[in-house]
Every structure is written in structure tokens, then in C-alpha cells.
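The same chain A turns up in both complexes below, where it pairs with chain B and then with chain C.
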Partner chain A sequence: MPKLPSPPLPKALRPAPRRPGEPDEKQATTPIEVAADAGISVVDWIDERTSLSGGIRWMMFRKVPRGINWFYTLGSATMFAFLNQAVTGVFLAMYYRPDAAGGAYESVRYLTDQAFLGQLVRAMHKWGASVMIILIFMHMARVFFFGAYKYPRELTWIIGVVLLILTMAMGFTGYLLPFDQRSYWATIVGVNINGTGPFLGPYLSDFLRAGPEFGATTLSRFYAIHMMLIPGLIAALIGAHLYLVSKLGISAPPWIKAQEEPELRQTTL
Partner chain B sequence: MNQAEKEAYLREYSILKNQGKPFFPYAVAKDSVMAVVVMIVIIFLAAMFGAELGPKADPTTTTYVPRPDWYFYFLFEVLRVMRNIPKFTDLATIGVPTICMILLFLLPFYDRSPERRIERRPVALAAGLTTIFAMAFLTYTGANTGSPNTVDLQPPASLTAQQKAIFRAGALVVGNSGCLACHVLGNNGNDGPGPPLTHIGRILRPEAIASTLRNPTAPMPSFAALAKQNPRQFYDLINFLGELQ
Partner chain C sequence: MADRHKEGSKSKYTLDRQMPGAFEGETVTRRRFMTGVTHGAGAVAAMAFTLPALGFAIGPLFSRLPWSWQPIGPPEDFTDTTYTTKVIQIVQGIGEAGNSIAYVRKRDPAIDTEPLDQYNHWVALSSRCMHLGCPVRFVAAAERFICPCHGGVYDFRGMVVGGPPVRPLDRFYTRYNTSTGLVELGPRYSVNSELQRFSPRDPGQPLDGIGQYLYPPRFDTASLTSR
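Let's look at the complex of A and B:
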């Protein structure tokens, strides 16, 4: 097993080596030391049963190659936009009622006009969607132009494309939920366009509409897809994506060339 | 990439990785700065532009203009353009978006060269830039197509100047009345549930068109009220439809 790098603490924070004559273990005496010891033993207790610390060290203290620049933050920025969507979405769900007879529109109306900070949270969800779409496309462009999808990272790319499609599907299903004129008619057109797709198109449309016609159950279906199905898939696939990124390492910028290790050159001389 | 190229890459990468810095805190610091920027942008957009709520959904209206969110403009524009070019209708039914999706999925399998520098991958560079410009252009035109309610039809050359003016006025009435929600006129509007109106002037005489507008088959709304309140517009409408030979 490869040796895990130790935490890169600044010198000032590294524990001082034991001085000669000092006892091996200092006994915790002050309340703060006792509390710190209790915290450490709780973490120890969990780690003894899960061995999580190895995984966390593997994830956090792995090395990233030389030359990493700001373009490499686009992926994590997309994930952060997704977290924003998840958190604001939970708050929106506390008020939303998926009732096509009028409850849905009324609940969004209440949320927008009456609920405390409701309009801000709804606007953050709405604009967060646009920001996430822009970021995911920029992330994809970065990966494309840096050739980062090539061996050995092909599977990471494929999962990324699935994530892109799921993100677009989130935008599509979420658009109906306010149930105003704009969302209603755009969704009808959208589902019809979906139905013109090859092979699966008509079945997909029937599935989305919950039948051959746009009806009362269509809204609950969009709601369930938007709230449960796709967010779960996205979260799981982000996990797989991140695992692969950590496992294979972040790709180096293509213009960086490896030099020989300077120490190696010295030893041969 | 053959086995030798794969091994060469892995060797090179392991050296670069060994010379790198730990993910925490160096990469995490950059990611955190970016996360703060993203949060600020989202809150700024939310506070500046808010989230509007339009009128309540009403399945009985036929005049509403469907508009998707802006990030679907390029998709809608592709479909609109494809539908309007007869040669490509078959291609459009197979689904340009489906083809693009499959191409995107399979990218690592048909681009197998070991070269990663974009300036030495001319095909990839051209394809990438073309895609970006095409998407930007389609989003732009999709945003500026105006309302899908405008009827983009030129009056026949045989008409006099006055008749052409009536033709244009009638096209405007059709657009504002939401006929395109159910009828197709040339390249405009949705094909169905109403019958296509592209050549309605060949099928019905103006008097027949007028009586159909007054007493339509449900779910089409009646235009009897328009005929009473604004006979001028009603006259333009009938003349316009009658000229669609």
C-alpha cells in the first residue's frame, strides 16, 4: 500500500518533538485539554469502527500535479452550485404543494409574496440553475480542450456527460413547477418535442405526462422526478465522478512536461 | 493509444503528480475562493432580478406564447431550423440532439490519439470552436426570433401595394390572436391540433373562411367578437387567409 502523505501543516502548527526528560504522555489537566481529549477519543471511537480516516486522508492529502490553474476549479464550482440548488430546494419544498388544481400556483405565490425571504430563496434557486448550467458547460469545455477525457479518464467523461444530461433534465422538470402560464405552455411544447425523438421518444413523453394527455398527475410526476429521482442520481454520480478523479488523479495541463527529478540527476553525477 | 503510449503517459503523469502539491489545502483553497465567487454571483443575480411569477396556468387559453428557459433556446432553435428545411426533416426526426448526445458520450472512443495539446489537435480544436460558436449563435437567434407568434410570410408579388398592406396587417392579426398555437402557416406555428393553413386560400373561399372564424369547431375560439368590435381587423384577417394560395 502506498504511503499516505502527512497533513501539510505549516511549521508553526506542527507538534513539537518531545524534549529529553519530558514524560511520554502529558496528562490532561485543564478543562480545555480534557474536552479536547474527549473529542479525540470520540473521533478515535468512530475511526476504530469505520477506518474512515484512511479514506479521508487518501482523498484530501493526495497530490495534484504541477501547473494546476484556475480552470481546474470549474468542476468543484459546478458541484457547489448543485449544493446551492439542493439547499434552496429543500426550503422551497417546505412550502410547495404539487397540486395542479391551483394549489401549486397558490403555494408559489405565497412563497414569493408572503414567506420570509421566500422570494430571495426562490430567485437563488432559479438563478442557481442558470449558473450551474453555465459552469457545467465551461467545465466540459475545459476538459475537452485540455484533452483530459483521454486515457485513463474515459469513464469519468462518460459519467460527466450523464451529469450534464441530468442537469438539463432538472432545468426542464423544474420549469413546470411554478405552474404559471409560461411554465405550463413551455412544458407542453417541450414534452411534445420529446415525443418526436427516435425510438424511446414517444414512451418518454407518455412517461413524463403520466398518460397520453397532459393531466393532473403530470405535475406530481414532474415534482417527483425533480425532487427525488434526478437529485438522487446526480448526487450518486457526483460521488462516482469524484472517486474516479481522486483515484486517477487530476489531469495535468497538457503543456506541462515532466522534468527529471533534480535529486536523481545529482545522485548520478 | 496503444499500450506503449498508455504506459508512457502514466509514467509522465506520476512524475508530474509527485512534483505537485497536496490537494488540501492548496487546491481546496482555490476551490473555496471559486465557491465564494459562485455564491456571490448567485445571490447578486437573485437580488437583482428576482424570480417572477406569471399569471396562473390556464389550459383553455390558446394565445399564450411558450418560451423555454434560456439554456434551452439552442435546442429549440435547432429543431425550428431543421423543421423549416424540407431536406432535413428526416434527420430532424432521427433527432439532431440525440446524435449530438451520442457523439458526446463516445468522444473518448473515437478520439484515440495520445496528443493532448489543443494546438496539435486541429480537428478537435475546429470541432470544439464550431460547437461553441454554433451554440452561442443558436442561443442568440433563439432569444431574438421574437415571439413565436410573428408570422413570417411575404405577400405574393402579384398583389398591389394596397393589398400587400392588408396582407401584412392580416398576418399581424393572426400572430396576435395566437393562431400559431394550433395551426401551421408556412414555416410558422405548430402543426396541429388544428389543420394547416399554409394553402387555406386554395381550399376555402373568403366567405367560407369568415363563417368558419365566426362559428369554429371546438376547441378553436370564435372570432365573432372580433368581427363585431373591430371589423377592420376581421376584414384584414380574412383577406390574409384568402391570399394563402
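Let's look at the complex of A and C:
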């Protein structure tokens, strides 16, 4: 196992070499130095018990190929769009009431019109959803056109496709929640599209609606799927996706030529 | 693998392998037994919460929709030349979201060729489009039902004359209640292009040709009770 490289610390954070005549262990004197020492000792305490710093260094300070560019940030951008959805979604859930008898619409109207910053947070969630879909497709196009899905990164691609499908399912289930006319009819149409699948379609639409008709528990079912089931799956799969990205390294852009390595070009030993 | 149990090295009998406490004919070692028990207990524990939760989630697939006959008005409300719009309740307890619309008219023997029985003296059409379930609107001037979503068009009897719908508009059973003197509306049923009755299906599921075999009828069909 080769030793992990030490992180490239910026100049300001590197300890200065000891000057002649200075004592061996410099005592912290100014309040800032005391605070810094306290912070370091807390981090050291945790790291001594978890060895997390190795993993963080493995993840954050890995080698990347020459020629990477802004297109390589689209995956992180998608992840931050997801985090935006997660955070704003949790706070929207504090006001939302999945009540099909009219309470759902009223609670959304309350949080939009009355709650402090409610309009902003709801808009962040609503527009963030579209941003996330756009970023996913841009990220996917980057991976496709750069050929980054090829061996050994096929599993990363497959997990990415599952994440895309789950994000679509988030869009579908979230669309119903405001429970206005558009939500209602879009859901009727969407569920019926699922129902046109042969053999299993009717059971799938019954599962989504929690019964033969759009009923009292359809909304809460969509809410539970939207808020708990799929976000958990997405978070877990993002973890697997990132692990594979870090484990396999990222691919160089297709226009970067391989380095000349004379010993690799030998045809006979 | 096959020669492992041959002479000498490892017999499948614990007695032959000189294990302390081994007895005659025993082949499963304690280590293997404990491994199996631990895995089995883990599987039982996982299923103990997974199976009930799963059954809870898919239970509604097997439920039946309670349906009662709904009075929709006296017979004088309905003529055989145009449709009367009636608001009906499909699902109870969720307010307007549980309502739907039925278009009702008196049966006209000149155009309604399907066999007459006690349930179709009045023709009641469901307003949900048989493409994907949007609400159709009856345009009296054209004598057509028109769907706003994707352009489905139905004629006066609810037969498809244009657009993507896969079958005629669904219908409701109707009957005359002699004690109240009102026309009553029963459960929904689906029809194929010959207006033969089928149990209610979702929109988008054809009932002609191979379509009737691709989409199995649901478990939850509201059954028509006699009185």
C-alpha cells in the first residue's frame, strides 16, 4: 500500500521552521493561537479514534488527470442541487399538510403567502427541481461525449442512470403535492401512463393511487415516497457513485494524449 | 471438491474428524450450525418488519371500492336529445377531489343499439377521457365530447371518432328507484368498441383485440349489488 500524499496545504497554514534560539515547543500565547490549538486538539481527538482524516484525504486530495476543465464540475453541481432540494424540502415539510380534502392546497398557500420567506424557500425547491434535472442531463452528456462511461467506469454510469430515474420519480411525486388543478390532473395522466404497461400496469397504477381511484391516501402516499423513500435511496446511491469516482479516478478528456513512457513502449523484454 | 471427503484428510462425519463431543452420524459441525442459525435469525428479523410493511403498502391493490347507488335526479331531468351534467361522488371523505362528472341522457332506441336491460334505461357516460384520464367536455353544438389534453373526440354515444383514446367512454349503471322516484347511478363499467360491458379499467387500456388480454381486470372491481 503506497503512502498517501500529504495534502497540499496553502502557504499560510504551513508551520514556519523553528528559528535559532526559539524554544522547542512554542507555547500558544495570543487568543487566536489558543483557539487554533483548541481546534487542532479537538480534530486530533476525533481523528485518533476514527482515522477519518485518511478517508478525507483519499477523497479530497486524489490525483486528477491533466486537462480537466469546468465540464468536470457538473457532477458536483448536481449534488449541490440535490442538497438544496433536501434542505429546502425539510423546511417545507414543517408547513406542509398532505390532506386531500383541501388542507394540502391551503397549507401550500399559507406557506407561500404568509410564512416568513416561505415564497423564497418554496421557489428554491420548485426551481431547484428543474435545475437539478438540467444539471443531471448536462453531467450525463459530459460523461457520454467524453467517453467516461467506458471500462472500468460502467458501474458508475449504471448507478448514475438509476439516480436519473429516481430524480424523475421525485419530480413525478413532488408535482402532486401543491394539490392544485394542474397537480391533480397531471397525476391522473401520469398514473394512467403507468397503467398502460401490459400485465403489470394496472397493478402499478393501483399501487401508486393506493386503490382503484384517486383516493384519500394517494396524496400521503406520494408525500411519503417523495419525502422519505426516494431521498434515502438517492443519498445512498450518491455515496456509492462518489466512492466509485474516487476509487477509479476520473478519466482524462479525450483530447489528452497518453504520456510517453519509454518502458511501456517496449515490445520485448 | 469431490475427493475432499475421501479417505484420510476430511470426512463429512464429525466423529471421523476427532471433534470433541462428536456423536455417531453427525455431519453438521457446531460452527456451521451456529452460522446457519445466525443467518436464519437475521433473515427472520429482517422479514418480520419488511413483509408487514410491504403488505401494508400494496394492500390497497386488493381492496374493493365501496359503492352505493347515488340519486341523480327525477326522470324528467333527462332527455334523449342532449346530455345533462351531474356531479357524482367517486371517493368519500376527500371533498371535491373525490367528485367526478357523469353525462346522463335518456336511452334513445333509434341510436342505442346495445341490448336493453334494467341498468341502461338512462345512458350515463363517465367524463374521464379514455386516453389518459383528463375530463372531457360535451360540446352540445357539435354533439361531440372533446378532451382538452391531447385532442380525443367522441361522438354522441361516446364512441371514439378521433384522437388517441383507445376505447369508448366508460359508462355507469343506472336504474330507476320506484320508492323515491329518482334515477340512480351505480358503479362504473368499461365498454369495447361494440359497447360490450367489461369490469372497470383504467384509461389507456384497450378492450379490443389483444388489448383485453394485456390488461387484467382488477381485484377491486366494485360489484353491483342487487338492491
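We adopt the following convention: the second predicted complex is superposed on the first by the 244 of 269 C-alpha atoms of A that agree within 3 Å, B and C clash if a C-alpha of one lies under 4 Å from a C-alpha of the other, contacts with A are read in each partner's own complex, and residues count from 1 in each chain.
Heads up, the rule we're going with is that a contact is a pair of C-beta atoms (placed from the backbone, for glycine too) under 8 Å apart; a residue touches a chain by one contact, two chains touch by 3 or more.
Nothing here was measured: the structure is a model prediction, and the numbers come from that model.
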Exercise for the section: With everything superposed onto chain A, say whether chain B and chain C fit together or clash. Expected result: clash
Problem - Which superposed partner A:102 touches (first chain B, second chain C, both, neither) - result: both
Exercise for the section: With the two complexes superposed on chain A, say which partner A:203 touches: chain B (first), chain C (second), both, or neither. Expected result: second
Problem - Of chain C and chain B, partner touching more chain A residues - result: B
Handout entry: chain B versus chain C as contact partner of A:195, first or second or both or neither
Key = second
Exercise for the section: Considering only the touch criterion stated at the top, classify A:217 as touching first (chain B), second (chain C), both, or neither. Expected result: second
Practice task
Could you look at A:114 and tell me whether it touches chain B, chain C, both or neither (first, second, both, neither)?
Solution key: neither
Handout entry: Which of chain B and chain C A:185 touches, first, second, both or neither
Key = both
Exercise for the section: Answer with first, second, both or neither: which of chain B and chain C does A:145 touch in the superposed model? Expected result: first
Practice task
Overlap the chain B and chain C contact sets on chain A and report the shared residues.
Solution key: 102, 179, 184-185, 188-189, 193, 196, 198, 201, 214
Fill in the blank from the handout: In their shared complex, chain C is touched by residues of chain A numbered 100-102, 179, 184-185, 188-189, 191-193, 195-196, 198-199, 201-203, 205-207, 209-217
Completion exercise
In the complex, chain B touches chain A at residues 1, 5-6, 9-10, 12-13, 15-28, 30-31, 33-35, 37-39, 41-43, 45-47, 49-51, 53-59, 61, 64-72, 76, 79, 92-95, 97-98, 101, 104-105, 107-109, 111-112, 114-118, 121, 124-125, 128, 132, 190
Fill in the blank from the handout: Per the touch rule above, chain A residues touching chain B in the complex are 5, 7-8, 59-68, 70, 72-74, 76-77, 80-81, 84, 102, 105, 108-109, 112, 119-120, 122-131, 133, 135, 141, 144-154, 157-158, 161, 164-165, 168, 171-172, 175, 178-186, 188-190, 193, 196-198, 201, 214, 249-252, 254-261
Practice task
Sort out for me which residues of chain C touch chain A in the complex.
Solution key: 57-58, 60-61, 63, 65, 90-91, 93-98, 128, 132-135, 149, 200-205, 214-216, 218, 220-222
